[in-house]
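So, here come the structures, one by one.
Two complexes are shown next, each including subunit A; its partner changes from subunit B in the first to subunit C in the second.
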Partner chain A sequence: MSGGFFSRGFRGRRRPVEQGTQLPPGQYLVEGFPVLSAGPTPRTPLEEEWDFSIIGEVDEPRRWTWKEFQALPSEEITRDIHCVTKWSKLGTRWEGVSVDTLLEGVETAAEFVMAFCDGGYTTNMPLEEVIGGKAWVAYAYEGEPLEPEHGGPVRLLVPHLYFWKSAKWVRGLRLLNHDEPGFWESLGYHNHGDPWREQRYWGD
Partner chain B sequence: MGEFRLDGNAAAGPLREVFSFEVTTAQYSCVGCGRTDRLGAAMVYEVRQLGTIVRCPSCDNPLIRLAHNREGYLVDLRGTRYLTTG
Partner chain C sequence: MIPGVSSATGGTSAVAVQPRRLSWQLAEVVEVVPETPRTRSLVLEVAGWKGHKAGQHVDIRLTAEDGYQAQRSYSIASAPEDERLVLTVERLEDGEVSPYLTDVLMAGDKLELRGPIGGYFAWEAKDGGPLLLVAGGSGVVPLMAMLRHRAAVSSDVPARLLYSSRSYEEIIYRKELERLVAQDGSLEVIHTLTRSRPKGWSSYHRRIDLKMLKEVGPPPAERLLAFICGPTPLVEGVATALVEIGHDTLYVKTERFGPTGGGG
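Now for the complex of A and B:
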């Protein structure tokens, strides 16, 4: 597009949604942040009970208390998110710990990972989908501590896959040699969940 | 050769009768904690177009998970030991 008469370049501070930004097929934009919960919101006492762990097919399990977790190097992340129920939200800002940081020094031959959560929720992914700067364990959203209804104290953030993979109330990652379907993946939802390939359901 | 096997169509009659039960008064038994109660007294989470999750009020175990996709409905009953229909 040439600029000139139709240029929108100086129209103020709207997010650059109009041009250059594409939504995955079948998605529409929302401004709010819809809450989707398949169960009650857990409230695990942070100091006394909460921890985050890496378990399963690892040389040695890793575990962090809340205090230790907060002391890990964190990153600021700005990404678009896409829910399988068709809403997308652009430029969401998060802060959290990269999964790369959590897996540093972990020796494993595992090829899959199952995220497990307070409340019993699970979601599965190939390990390679959560390493290499593609996934985080986030504790802040838009500069504020992550609210319980949005998955606080921490949620997994895997923005390049449908948002059910970004498990709320995540408590750890179980590394696995074989793939296993998680909560929605065993209920008709796609095992991989790539929004750009519109992998919503089994058979997509 | 006492074995007498029929294909699934043979079960259509009794299954049709069973699966048209009155849901609210049916009794479930929870795989998680063994609680037995009316389904109508369980807790239901409607997850915006994703599915419907019926949970045990004692232990939060999902008794029934129901999702709809373009093919139709998918019902997962692994959290229910059995259902008794009235």
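Now for the complex of A and C:
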């Protein structure tokens, strides 16, 4: 809407860095790392209970214990991240296992994936959004083990989509032949969530 | 403030609703009400507003004359039953949007918004209780919408609000909360002040902790619905304590904000 509308007396604060940096529409820069979660932070004992699994439409489910997971080849990732609540953070540094590594040798005809997490959170994506060097399961942030409130021990990292897709406390990926909405996707948030196309909510 | 989304979690029961496009619309500012030294309520007339649930928020978009835009999210303070949509905004000293809303905007101005947004951190009287609402600072706003809704429909669901403010002067909605409590035997409001307190203050004067939650909240045997809203340390602390006390994580819903978290 708003053809010609402007807010009387509003100038805005354009930080120097924002002038030289391209941000997705409607986003603003933050220096800190805000925490947003819908419920209490889960704490699963790593040695005894934690595992990561690939299940669903696959030839054979895969499962890694914490020890096995840490032994997988890892990558360092530096990316900008964009939260649907409007903040963006530039050049965040992560370390984790590429989803490509986790799916190596998996036979599947699935086209969609549902990430599932401790606490019951889920988020859905087309499989092609998490393969080809676009997604990781990260266990370190800025050189330190990922803190529980930011999703530790591991969180999904899909930086090219809004950050709710980068599910905290992720425990596995369920491969699916059909798409189904995850937690926020059922509650009014966009099914795909591309920040550059400002896909925040249903119908965007 | 905002609903948890940076990659949220927790809670399983998502209720599918029919997609509806959220379009930007122009609201008119009918009144700006000072609440505390740092907060103002914006009373808005929104033509064709489709209604909301207590706990939801809206996105606000400001546009400068040269086309530069800034967006932020703000919780709705009014009950769905209220005639006008009310947002309560806290002025953040280093904010880009909130100082405009609290200091510049006045009656007669127009404001672009879209919503309502967020279906998880929301409560309707039919959801039942007992309710435990825990607020830090302006985190009380979406919880106030719940209490206003509860009063508007004369719900007798037992409700307790544990509300942490820095000082007596910074308690938002203090008089209205007193009125609500006076006319409703099943509502309790418990204040705690963390920085300064007036002479003769007999309630809590420390940060919310496990002991306080045990004293204030219903025992875990009662399946309560908890809504916690405030700065991250408060929310993390309270949610963890409630789980420790024995409450079911499924019924503990959180919403966090901070100077960079979305209040803007």
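Convention: the second predicted complex is superposed on the first by the 184 of 204 C-alpha atoms of A that agree within 3 Å, B and C clash if a C-alpha of one lies under 4 Å from a C-alpha of the other, contacts with A are read in each partner's own complex, and residues count from 1 in each chain.
Operating definition for what follows: contacts are C-beta pairs under 8 Å (C-beta built on N, C-alpha and C of every residue); 3 or more make two chains touch, one makes a residue touch a chain.
Please read all numbers here as calculations on a predicted model, not as lab measurements.
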item: Subunit A as common anchor, with subunit B and subunit C clashing or fitting; value: clash
item: Superposed model, subunit A: greater residue contact from subunit B or subunit C; value: C
item: Which of subunit B and subunit C A:K168 touches, first, second, both or neither; value: second
item: Partner chain(s) touched by A:P34 [first = subunit B, second = subunit C, both, neither]; value: both
item: Subunit B versus subunit C as contact partner of A:S186, first or second or both or neither; value: both
item: First (subunit B), second (subunit C), both or neither touched by A:G26; value: second
item: Touching partner for A:D59 - first (subunit B), second (subunit C), both, neither; value: neither
item: Segment of subunit C intruding into subunit B (one of 127-135, 199-207 or 235-243); value: 127-135
item: Overlap of subunit C and subunit B interfaces on subunit A (superposed complexes); value: 34, 36-40, 84-86, 119-120, 164, 184, 186-189, 200-203
item: Touching residues (chain side subunit B, partner subunit A) in the complex; value: 43, 45, 47-51, 53, 55, 60-62, 65, 67, 69-71, 74, 76
item: Residues of subunit C touching subunit A in the complex; value: 2-12, 14-17, 19-26, 59, 61-65, 67-73, 96, 100, 104, 109-112, 117-121, 232, 236, 239-240, 242-243, 249-250, 252-262, 264
item: Interface residues, subunit A side, partner subunit B - complex; value: 34, 36-40, 84-86, 119-120, 164, 184, 186-189, 200-203
item: Of all residues in subunit A, those that touch subunit C in their complex; value: 1-2, 5-14, 26, 28, 30-32, 34-42, 83-87, 117-121, 123, 149, 151, 155-156, 162-169, 181-184, 186-189, 200-204
